[in-house]
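As written, the chains take the letters A, B, C and D, and residue 1 is the first residue of each chain.
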Amino acid sequence: MDVIDQEHDELETAFQAKVEAEQRIEPKDWMPEKYRQTLIRQMSQHAHSEIVGMLPEGNWLTRAPSLKRKTILMAKIQDEGGHGLYLYSATETLGISRDEMFEQLHSGKAKYSSIFNYPTLNWADIGAIGWLVDGAAITNQIALCRCSYGPYARAMIRICKEESFHQRQGYDIMMTMAQGTKEQREMAQDALNRWWWPTLMMFGPNDANSANSAQSMKWRIKRQSNDDLRQKFVDATVPQAEFLGLTIPDDKLAWNDVRGHYDFGEIDWEEFKAVVKGNGLCNRERLQARVDAHDGGKWVRDAALAYAAKKADRKAKAA
Amino acid sequence: MTDKDMRFDYLLRLGDNSLILGQRLAEWCGHAPMLEEDLALTNIGLDLLGQARMFLSYAGEVEGKGRDEDRLAYFRDTKDWRNLLLLEQPNGDFAKTMARQFFFDAFQYLQFEGLAKSSDDRLAGIAAKSLKEITYHRRHSADWIIRLGDGTDESHERIQGAIDDLWGYLPEMFDMDAVDDAMLADGFGVDVAALRPVWDDYVNGVLAEATLIRPADSWSVRGSREGKHSEHLGYLLAEMQFLPRAYPDAKW
Amino acid sequence: MDVIDQEHDELETAFQAKVEAEQRIEPKDWMPEKYRQTLIRQMSQHAHSEIVGMLPEGNWLTRAPSLKRKTILMAKIQDEGGHGLYLYSATETLGISRDEMFEQLHSGKAKYSSIFNYPTLNWADIGAIGWLVDGAAITNQIALCRCSYGPYARAMIRICKEESFHQRQGYDIMMTMAQGTKEQREMAQDALNRWWWPTLMMFGPNDANSANSAQSMKWRIKRQSNDDLRQKFVDATVPQAEFLGLTIPDDKLAWNDVRGHYDFGEIDWEEFKAVVKGNGLCNRERLQARVDAHDGGKWVRDAALAYAAKKADRKAKAA
Amino acid sequence: MTDKDMRFDYLLRLGDNSLILGQRLAEWCGHAPMLEEDLALTNIGLDLLGQARMFLSYAGEVEGKGRDEDRLAYFRDTKDWRNLLLLEQPNGDFAKTMARQFFFDAFQYLQFEGLAKSSDDRLAGIAAKSLKEITYHRRHSADWIIRLGDGTDESHERIQGAIDDLWGYLPEMFDMDAVDDAMLADGFGVDVAALRPVWDDYVNGVLAEATLIRPADSWSVRGSREGKHSEHLGYLLAEMQFLPRAYPDAKW
């Protein structure tokens, strides 16, 4: 073992001790390269999900059924853009630029949450996204508020506050629809039918099949297993659905007195893989919309840069 | 037209301007040239929506027929809308959106400055509150006119083209009709015709800084106050009003 | 007077005699250059009007309120395209190509009927266009069926048949609206209010101000004066409006027993000039739509030409 | 589902296919690359509309709840539409419109050839009548695929891109679900899965002549028969249905 290796080992040991002592890792701190890469992948995926997630909701912004709902939805989507911005900044502390991250998104190298490859087909979908998708996101994110990487943990704390607000707004839409006309109740049920299983998939593969989980747990990026988080979400959500008078589309769903949890059916992982692979109804549209916005906006960004350069130049000459 | 009818109509004009432009900005959502601009456009859209809701609610109360903001927003067809033709024009590219925004921001700023002194406290209050927002809108759009005009060759060409394309929609902003005259006499409304020179000064200044050419006044169109709109409004309404029209018994 | 001039005079005299003998001028016949130019101007404007006229009606095709009405409207617009095609061909017999005519339209050198610079704002506008605009067009075109230029006269005969069918369809829409709900009646009246005066303007300036009319009458291109045709239209249309229970927006409109005609108010020629000059709500949109279709379709036409050339080439090589 | 329900659903699928594609073609009106093509597209649109009316009328009669063609066309929301996802996709450029048309024409031709032999006389009659029209549609779109593919570099690139973009929408055409199975067993419907090889042969032949590459089967989407559509359909319906929705008491 040479000196460099030894030094590296010592650093790694110190790093692990620090993490286990529940101290935050900050951008200037030494960190294992794989830790950095794992965070970049996870955080940028998280950021991409926020901005791609604007699209399915934006799909109903021009058609929101009241001015109040339109206002709330617009503010919500704006929050998501803000989260995206905040997360891109947090990720940049790891030494990658926003442009590089966009490049990875647009080339398909970086992923975003596959949930956004499903279409929003009626207004209740906006409720379902707030209630279920944001609900699942919060369940994940609460655990991340104690993530070992400081900037990520702090971003999560801020984001969680807004997300729980969004979730309540989504639930409010569902409630209004579920208590509404026959057609509204049907829309609400239809939305729940379509979003339930994809939402459960958001927690990732079952623990037995989750290769990266162990390392992330050890590094305290992750605090709870996929299955634990999923169970937590199901336990919280089932009573909410009952309160709405809606039926969760799962025959196997039942309270288990022994476990003190709800049992639920097996997730169709083939569908999950198919959608990730590109067979979701909206994979192409979502990515294309982002690419179009970026490529179509290049001339605007170029103009802003050119103007800034001219202005600086004039200032320099005047000085 | 009774005084009540005229106040109703006047408030509709204000509310419809804000709502239609807000709706157009909503179309940008998720598609702006950069994330910061996505946030800015939704910000402005939210302000406009907020204005629209205050004006339409007030209009409904003045009318006294039980129509609330949503009834007015979702159950009127083209000929009953009072927004300026400029505002219903399609977004086009970012240059066209910004040119439309800039012309209107510059106008609305002056209009609301006047309305903030309305003899009607409620109207004055809405205007005063909104004026703070519009101050930001105007700075934002003027900054973009300058950046695009004095940016690259492409951006210069695009923004100049957008300005040329929209120029003929602007005279309508400064028209005074019988309702405007009565509302002005009443102390309720504003003399928009009188705003033109101030608007010109401001706009000319920004265009000059942006190295852009003020177009000649070669054409102009009008008619929105009599419900004579362009063909674009019908499509906007069909989309915006779909849900309440399709499910008239539903509450949302 | 030299020989050429003399010969020219003789030709012109013979031409005029032929015209006055009610014989048709055919493409290969000698004709005065000004006659040719007048016809090119008038016929190409007529052709352009047919295809620009597809746009205001096309504006309601996707929103036609019943499948039957959608079918009728689609067939009608198709007829108009067909008329355009037929008229372009007839005009080509005068030695100008369709591309040249498009070029003149797109550059603003050639005009189309200014009536199409008005927007179609509600479904009753589709009725009003059929009833009023096609009605006015027929009034003009019937006279043109006896035009001295053979190809134009024959085109008019064919077109008139279809137009009168269109007019009846338009009137049927108006009838349905006028007998419909309160809102439908309002739409019908609103459409009549907006289309009445522009329709009267379609007959052109008052005779006293119509510079070109005398020459066209002499050449038997034109058979009746603008004011006569306008009067004919008014006389035919007023009872139709009464039958619908709609009010023509003209205070001065009244039956004149002495003249045996309806008197009607003065046309606002300032508005007419303004709209021709570019102040109609749709001048820019209409022309831009045509330019966009043409320019945007260039690659398609190029492909068709390239393929035809390749095919011919292969055939030649195979031979 | 009763047999009646299944027949209703089956007829809806046929009618909705024709109506939605006809509506998309209507959007081209006045904007085609050449006048002849404007006429051709309206011609095809008219045929499709005619088919839709026959199928929807028949569907309404089978259902027996008093819904006529217009009630079915104008008062159903997204989840009750049964058209193929392919057909609701936006027009895009002429290449995309023609690729969509070509794939569907080739399919519809075979489907209607089968339906013309239906044990149900009325359905067989509609199919036989329509088959003549479709023969022309298919020739028209195939000609364009060949012209664009073997035309210029630009047209080749555009049509190849359009084909690639639409490829994943095609497998859905050949799916058989419980309704299809029952209707096939009944002698009412057609085995569309069995049409795939014939369709492949035909399409491969045209693509080859057009010097185009048949894309790999790398992705596919489905769901229309359960009312799971793309986000495009909602906008199409909002526009198409506006008038009857806005004025539900009116007759037109």
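Just so it is clear, contacts are C-beta pairs under 8 Å (C-beta built on N, C-alpha and C of every residue); 3 or more make two chains touch, one makes a residue touch a chain.
Since this is a predicted model, take the numbers as computed values, not measurements.
Traced through touching neighbours, the fewest hops from chain A to chain C number 2. Taking B-C and C-D together, the chain pair joined by more C-beta contacts is C-D.
The geometric centre of chain A is 36 Å away from that of chain B, both derived from CA atoms. Centroids of chain B and chain D (each the mean of its C-alpha atoms) stand 41 Å apart. Touching two or more other chains at once are residues 77, 234, 238-239, 242 of chain D.
Residue positions of chain A touching 2 or more other chains: 63. Taken as a graph of touching chains, this assembly has some other topology, since it is neither a line, a ring, a star nor fully connected. Pairs of chains meeting the touch criterion are A-B, A-D, B-C, B-D, C-D.
Within the complex formed with chain D, the chain B residues making contact are 77, 234-235, 237-239, 241-242, 245-246, 248. On the chain A side of its complex with chain B, the touching residues are 51, 54-55, 58, 61-71, 74-75, 77-78, 81-82, 84-85, 88, 123, 173, 176, 180-181, 183-184, 289, 292-294, 296-304, 306-307, 310.
Considering their complex, residues 77-79, 85, 165, 168, 218-221, 223, 228-231, 234, 238 of chain D touch chain A.
Contact residues on chain C toward chain B in their complex (touch as defined above): 56, 59, 63, 119-122, 190, 194, 277-285.
Interface residues of chain D facing chain C in the complex, by the touch rule stated above, are 19, 23, 26-27, 29-39, 42-43, 45-46, 49-50, 52-53, 56, 69-70, 73-74, 93-94, 146-148, 150-152, 154-155, 158, 239-240, 242-244, 247, 249-252.
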